[in-house]
Structures are given as C-alpha cells and as structure tokens.
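Report on the structure given below.
Labels run A, B, C and D following the written order; every chain starts at residue 1.
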Amino acid sequence: MNLRVDLNADLGEGAGHDDELLAIVSSASIACGFHAGDPATIAASVASARAAGVAVGSHPSFADRENFGRSEIEISSDNLFALVVYQVGAFNALATATGSRPNHVKPHGALYNMAAREMKLADAIARAVAACDRSLVLFAPGGSELARAAEAHGLRVAREVFADRNYMPDGSLVSRSRPDALLHDADEAAARVIRMLRERVVRSVDGTDVPIEADTICVHGDTPDAVSFARNVRARLEEEGVTIAAPGSNS
Amino acid sequence: MNLRVDLNADLGEGAGHDDELLAIVSSASIACGFHAGDPATIAASVASARAAGVAVGSHPSFADRENFGRSEIEISSDNLFALVVYQVGAFNALATATGSRPNHVKPHGALYNMAAREMKLADAIARAVAACDRSLVLFAPGGSELARAAEAHGLRVAREVFADRNYMPDGSLVSRSRPDALLHDADEAAARVIRMLRERVVRSVDGTDVPIEADTICVHGDTPDAVSFARNVRARLEEEGVTIAAPGSNS
Amino acid sequence: MNLRVDLNADLGEGAGHDDELLAIVSSASIACGFHAGDPATIAASVASARAAGVAVGSHPSFADRENFGRSEIEISSDNLFALVVYQVGAFNALATATGSRPNHVKPHGALYNMAAREMKLADAIARAVAACDRSLVLFAPGGSELARAAEAHGLRVAREVFADRNYMPDGSLVSRSRPDALLHDADEAAARVIRMLRERVVRSVDGTDVPIEADTICVHGDTPDAVSFARNVRARLEEEGVTIAAPGSNS
Amino acid sequence: MNLRVDLNADLGEGAGHDDELLAIVSSASIACGFHAGDPATIAASVASARAAGVAVGSHPSFADRENFGRSEIEISSDNLFALVVYQVGAFNALATATGSRPNHVKPHGALYNMAAREMKLADAIARAVAACDRSLVLFAPGGSELARAAEAHGLRVAREVFADRNYMPDGSLVSRSRPDALLHDADEAAARVIRMLRERVVRSVDGTDVPIEADTICVHGDTPDAVSFARNVRARLEEEGVTIAAPGSNS
C-alpha cells in the first residue's frame, strides 16, 4: 500500500522560520500582500521554494493587514470574486515570470474559515480560481462548502488536515479556547496522520473514530517548537514509508 | 490623409469624473491598488469602460498611497520587475476574468517620469510587461528611455503627448512651476494636436518647431474644467476628421 | 450619428490576394491548419496583418483539408470542444509570442453554418472559446444559436453580415443556387450596409424590410473582382463617414 | 540519501499500451498531432493521465505523419519557432481547459535528436517554450545543445537518460545498428539507473565509467516486452527506496 501526502506551510508572512520550513514541507502557500507580504517578498519566497524543491501556491486573504487577515469581514460575492482573482492573478504572473509554476490556492485565515461554511463565499472563491487557471488545486477542509464549490467548478481539491490539532466527534477542530485543542507529541501526531492515510479515520476527543480524508497536512512554523514538531512529524512519516509530495498533476 | 490618435485618461483613482471621461476617451488606464484603487474599483472601472466602448490598461505605480504615487522612490531592478509584474498580472487577470481585454500598460506618476529618463528602470518595466503578455502596448514619451526599452523587448509603444501642456525647445514639458506650463484654450490645444499628427512637430515656448510623434494624447479629468477642456479637444479633432481609437492590433 | 463597423476577411488560406485585402479590412480571420494553413503561414499572416494595422483572430475549422472545411461533419460535443480549444489555443499562443493580440474567433465554413443552427455545437464552440480567453469576440450571424451560446457564456459577439449577398424575407441568405444570390454593384452593397447601420434593416428579395444588426461585414477576396468590389464598398462607407474598425474593447 | 527520478513515456501515439504505461510512469509526453494524434486523442490522453496521477507534457514534432516524425527535416529558425509554439500552445490550452496542468515539453524523434546537437534549432525550441510558459520543464539529453539553450532562456531542464540503452565511452548512445545497443535485463537496467542517481556515472560498452546526470528516464511501451521491462525497472527502483515523481516545482 503506497501512502502519499503533502505537507504544507504558509510562507512570506515575516515569521522568520521560512528556511527551516522549506526543508520540511512539499508545498508553500505564499502571502499575496493583503494580510502580509508584498511583490518583493513574494518573488523571494517563490525563489526560495524553487531552490528547496517545494511547490508554491497563492494564499489570498481579506484586505486586512492590521489583523493579519484573521477577522471575519462581510463581503459581497462580486467583491470577493475580484479580491481573489486579483491576488491569484498577481501571484501566478509573478511565479510564472520567474520560472516557477503556481500549483495551488489556499485561502488564508478568516477567509478560509468563512468559505468552509458559507456556500456563497465558497462559490465566489472557486469561480475566481477557475477563471484564473482551471488546473490549480484548491486547498479546503474535506466535506466543507469550499471543497464542494471547487468540485462544482471542476477544480481539483486537496483536503487539508491538521497534525497538531484535536478533532471533535463531528469532525470539526477542537476550539483553540479549550485546553485539549493541541497535540504536543510529534510521534502521536505522526501516528494519527498515518491512520488518516491508512484507515481514513481520526480518533476524536471523546474516543470515537471520525471519518477523515487527508491530502495535505498543514504544518505551523511560527515558533521554534512548531518547526521542530513539524520536522519530527515528517521524519516519522518517512520512516513509515509515506511519500511526501505536493498535490497536482501527478498526485 | 487618414489621421488617427488615441485619447487616454486615468480611471479608478477616486477623482469623481470617471463617467464623463469615459464619454470622451478611447483608452483608460486603471489604478491597480498601489497609488489608488483596489480589486473592487478595478472591476467596476473595467466594467464601466467596457460599457462605454473604451479600451483598458493597467496603471502600475510605486507602492505609495500617501503621496498618490507622485514621490520618486529608489528601487532595485528586481524589486521593480516584481512590482510591475504583480500589478499588471493582477489587473490582466481581473480584466480577462470579467470578459475584457487588457490592451496597454501606462506606468503612473513618479514611476513614469523616472522610467522615461533611467534605462535601468525602463528595462525592468519593459521586461515585466513582456513577461506578462507580449502583445500589450506600452505608453511612453516618444524618444524616452522607456520607449527604447519597450522596443528592445519587442513591445509596441504608444508615444504619449499632452494636449494641455507647453513644450520646451528640447521636446520636454515646460515645468509645472512656470506660469506658461499649461494651455487653457481647447481650440489651440486641438490645433496643436492636429499639427502633431499632420506635420509631426509642436511649436515650443520659444517659437521653434520641435519634432514630436503622437500616438496617444493624455487627457486630465481631475476638475470640471479639465473634463470640459478634454471634451472640446475631442470635438475639434472629430470635426477635422481625426479618428479617435485605442492603439493595438489594428492601430 | 456616429456609425462604425468592422470589415473582415479570411487570410492565410493560400488565395493569393492577402496583401490587397489587408489594405481594405480591419479584421482578418486566419486559417489554423485544419482546412488550410500551417504554423509558418499563421505566423506570416499575423505579421502581415500587424504591419497593415489589421486586427487578427483565429478561424478554426473541421479537420478537412480535402474539402477546405466546407463539408458538414458529425462530431460529438466533447470532440468539438477539443477541436476548437486546440486551434484557438495554437493560434493565440503564436500571435501572442510574436507580439500580436488575438482579437476574435470566427468558425470556418461548414462549422460556422452548423453552429449557427445547432445549439449543441454552438455551445461547445462558445465553451471552448471562453476556456481559452474570455475576452475574445466571437463572430456569429445575428440571432443565430452561435450568437445565443456566446452570450450565455459571457462572450462578446460581433454580428456578421454579408455585403455581397441577398437576403430572404426571414433574414437568411438567398441560397447560392439561385441566380439572385449575389449583389454585383459595390455602390448598392455599400448603400445597403449603411442602411443596416442607420436603420437596422435590409431590403429582402421580395421587397420587404427585414431587421438586421451589423457589427462586422464579411468581405471576400478569392477573385480580383471580389477584391475590387470590397475596395469600392470600403471607399463608399468612408465617404459616408462610417468608421471602419475592429470590434473589441473599444467597440 | 534521498534518491528521486522521473519515469517518462510517450502517449497518445496509437501504440496500444497507454493504460499499462500509465501505471508505471510519472510523466507522459503526448503527441500533438504532427507525428501522431489529434485534438480528441490529446484530450483523452490528458484525462487518462490525470486519472492515473501522471504528469503531462507536450511532445511536439516535425510535421511528418508519414514517417512518424523520425526523418530529419531542414527548417529555418523562424519556422521551427512557429512549429513549436503552435503545438505547445495547442496542447497547453487543451490540458488547462480540461483542468490539467501542462508540466513539460519533450521534442519528438528527429526533432529531439537534431536539437540535441544543433544550437540554432535548440535555441528556437527553447525560445518557443519560454514564449508559451516560462515555468515548463524542457526534457533534453544532459550536456546537449538543447539543455544549454533551455538554461540560457531560464527554463528548467530535466536531463533524460535511457534505461534500456547502452552508452559509448563519450556518453552518447550506442547506435541501434549495433548488436549491443539494447539492455534486456531489467535488474541490470535498474542497477544502472541507481548508479546514475547515486554516483552520477554509467558504465560504458568499453568498461569505463562515463559521467551522466539523470532527472528523467525514458521508458518505451511499443511492445508487451518493453512494458514488462519498464514495470520491472520501476519495481526494482522502488525496492531500493528511489522516489518516482515528475520533475517540476517540487523536484
């Protein structure tokens, strides 16, 4: 049985661990200037990812640098369509002009969360991505409105899971306000990912198994501990024979 | 003798005369978010231009909303390349996604002025435009470094003149600090444009004729007087049988 | 009242009058290799059109060099979609790579006729064009299924008429098998076009006026007489103050 | 030490083993209609490759269906540029329109061989590929003129080797006219590939080691024996821990 999964991290957000992350992940989502970043940091991040053999994608956000794109904002479908086409178009042009192929789109922060549950927003994002390039992969939580919208518009979806987060019995993430939101042991996280790949389930906080599909695993890099956690997860996955590779044409 | 020229104006900069200008010009350069505008205003401006039968292009700028892109800023070639690819790529994606064809690129404000005289900057801009789409027309002052760089990269150039500005004997514009910088009579301005088209010269402030090539005439729309001046210039050109049309494939 | 219309001709089909036609028309539809032409003739035709200031578009056809694309062929929607994306994609890449902007698509011969009346084929063509570039103009007979499909997919349509053909009372063309199929007098043809533009009607063979919309006029160039007829029509239109220009962003 | 290589095969050429090959390779080069194939077979091959998780690229050729693109043909730089832009443009449009990302370009047959040794042709091909999409990977023999031209135009190169061919002491292939041209033992072929990856040499026919770089291995599928040979090579590489994956952003 040939297991394969993508490891993804956010890049170009000024967090300071980009180089270490690039040695760990297979995909990088690069800030497009609306919650962080600018044309020069995009170009630099794309170049670093290319040198490290890491696939790149855009990471569009609400226009909200003050809150790092983490506040939910009301927006019309038309304006969201324009917001996403603008950022994906800018990123893709810059990646292509410097010889790198844009591979995916992952909405950032509050936009990702809202699009996961609201079809109107999900549909605007999927239409925007399809209008830019029908061959891009859209990152979305499995079973979300965003995943459904992507499929409705003929886009490939990479269903995203979190290695360091606990899950509720309904498959949602345990709220960060609870003490058991996070996993701290990399071995346990890796074992859990392998079970997601082999058995397509995850043990939830109440001990029941919940169905889950994992095409790409989000890895955090905002602290030295997070980077070391991610490195350990990768090492364990490789020991178990899991291939770490970006999603795409050959996924 | 079949005379033809483009009339261009800047759009989507919040000046409040966009609809009146669209009834006058054949090309609109739309702010890309770096000196003014945002994805929603770009989409709205592109839609208005389309409804008015006006060709559209991007109007990239230094990242300087505070000074409206009017301050000269030092920038490396690589960062300028990234800056222009980002803005042109974002604009083109948004125009195309909404069914409008991006036709040209006109650098804004201080970026336009610096690129006219510094080959290093001109070359970075021309490379950026060519990397985005080799069929775009680049607006540049005739004889400028920017025009030279565009031609070196195989781009078509539309040589831009100003109907409401006086010219020095060396072909440069009379500085706005001088009292004779501006023309105030639309008939005189139109007569001057027709002479540029027919005889390829302009009468300079010292009374000598200076060679000049005019493919596109910049029209201002920041005051009601400017709009009315532009309308009068257009009317006079049409009375003289000049065809007003955007540059491009069929120019 | 400002009248404007496009004059279009087919190019790169080996007919031998391309240079004369380029001095007459504002748009050229270039054979893409399936009924005539090959990559080298496309490149040469695009370059000639550019030098003459004539807009270019692709002229996709059934794969049928033997009958010059004039035989009706049964084809599935999927295969027609692939056929058109292939030809439009090839043409657009070649035009753009040589610095010319692809402006329109005009299906050729039997494909044009079938798509005018069969929605299944019309829809496949419109989807194919929109998948290649949503800003292309699709040439189609006014009121045809092809025009309807183009609008359903958000494409701009240029409604095509024929200056040298007689019309039936229902707005269709008089069959070439009838002796009164063709007009032979250029003055009469021009007068008829001007009436189409001013009054939006054409006098049919039974003397009644039929509503018609004319955005682009097809001009033939397969004989010296046809070229001279087209030249005379253009001259008469210009004398009447009609602007001859390609459709597109600024139409 | 983490070894990785691409396995590539030609597809859509009517050879009849496409499905078996898709279970073996990580990249498929698809005939573009000039030596084999047509729009419908391209669309079908791209869809099959996508379902099998195999990356796709175009396989442009001389226009020579009679000799399957295997005859050397004299051609000007300009005509070769047009020939390649046409085929790559057509393929990329069709792949993208159906949701698949074009990943590479591999010139076919005589065109590949001529471009390996003649800089004028190599340069025209590399310019054509860069004009279509700067992020495409160009397949070329390591050290060839084609590899050099690709790098000069900023393209990524995948250096191609042959698992079933013997090498001369100068690094060229043993001519097919010699009895020792081919390897017949899959284990031996796999061991040789692993040595190429680990030690960057290949044992030539005279027993000396020749430097070689292998990014992608060409696999043949024209006979059942060839397919079975390829399957065995892949199995052996996987047993040795070599990752089989398409070149590209994350290679």
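By our rule, a contact is a pair of C-beta atoms (placed from the backbone, for glycine too) under 8 Å apart; a residue touches a chain by one contact, two chains touch by 3 or more.
Model, not experiment: these values are computed from the prediction.
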item: Shortest contact path, chain A to chain C, counted in steps; value: 2
item: Touching chain A and also chain D, the following chains; value: none
item: Centroid spacing, where centroids are CA-atom means, of chain B and chain D in whole angstrom; value: 47
item: Where chain C and chain D are represented by their mean Cα positions, the distance between them in whole Å; value: 41
item: Length of the line joining the C-alpha centres of chain B and chain C, rounded to whole Å; value: 32
item: For chain D, residues contacting two or more additional chains; value: 96-97, 131, 134
item: Residues of chain C touching chain D in the complex; value: 33, 38-40, 42-43, 63, 78-79, 81-83, 85-94, 96-97, 128, 131-132
item: Chain A partner contacts - residues on chain D that touch it in the complex; value: 26-27, 49-50, 53-56, 95-103, 133-136, 154-156, 243, 245-246, 248-251
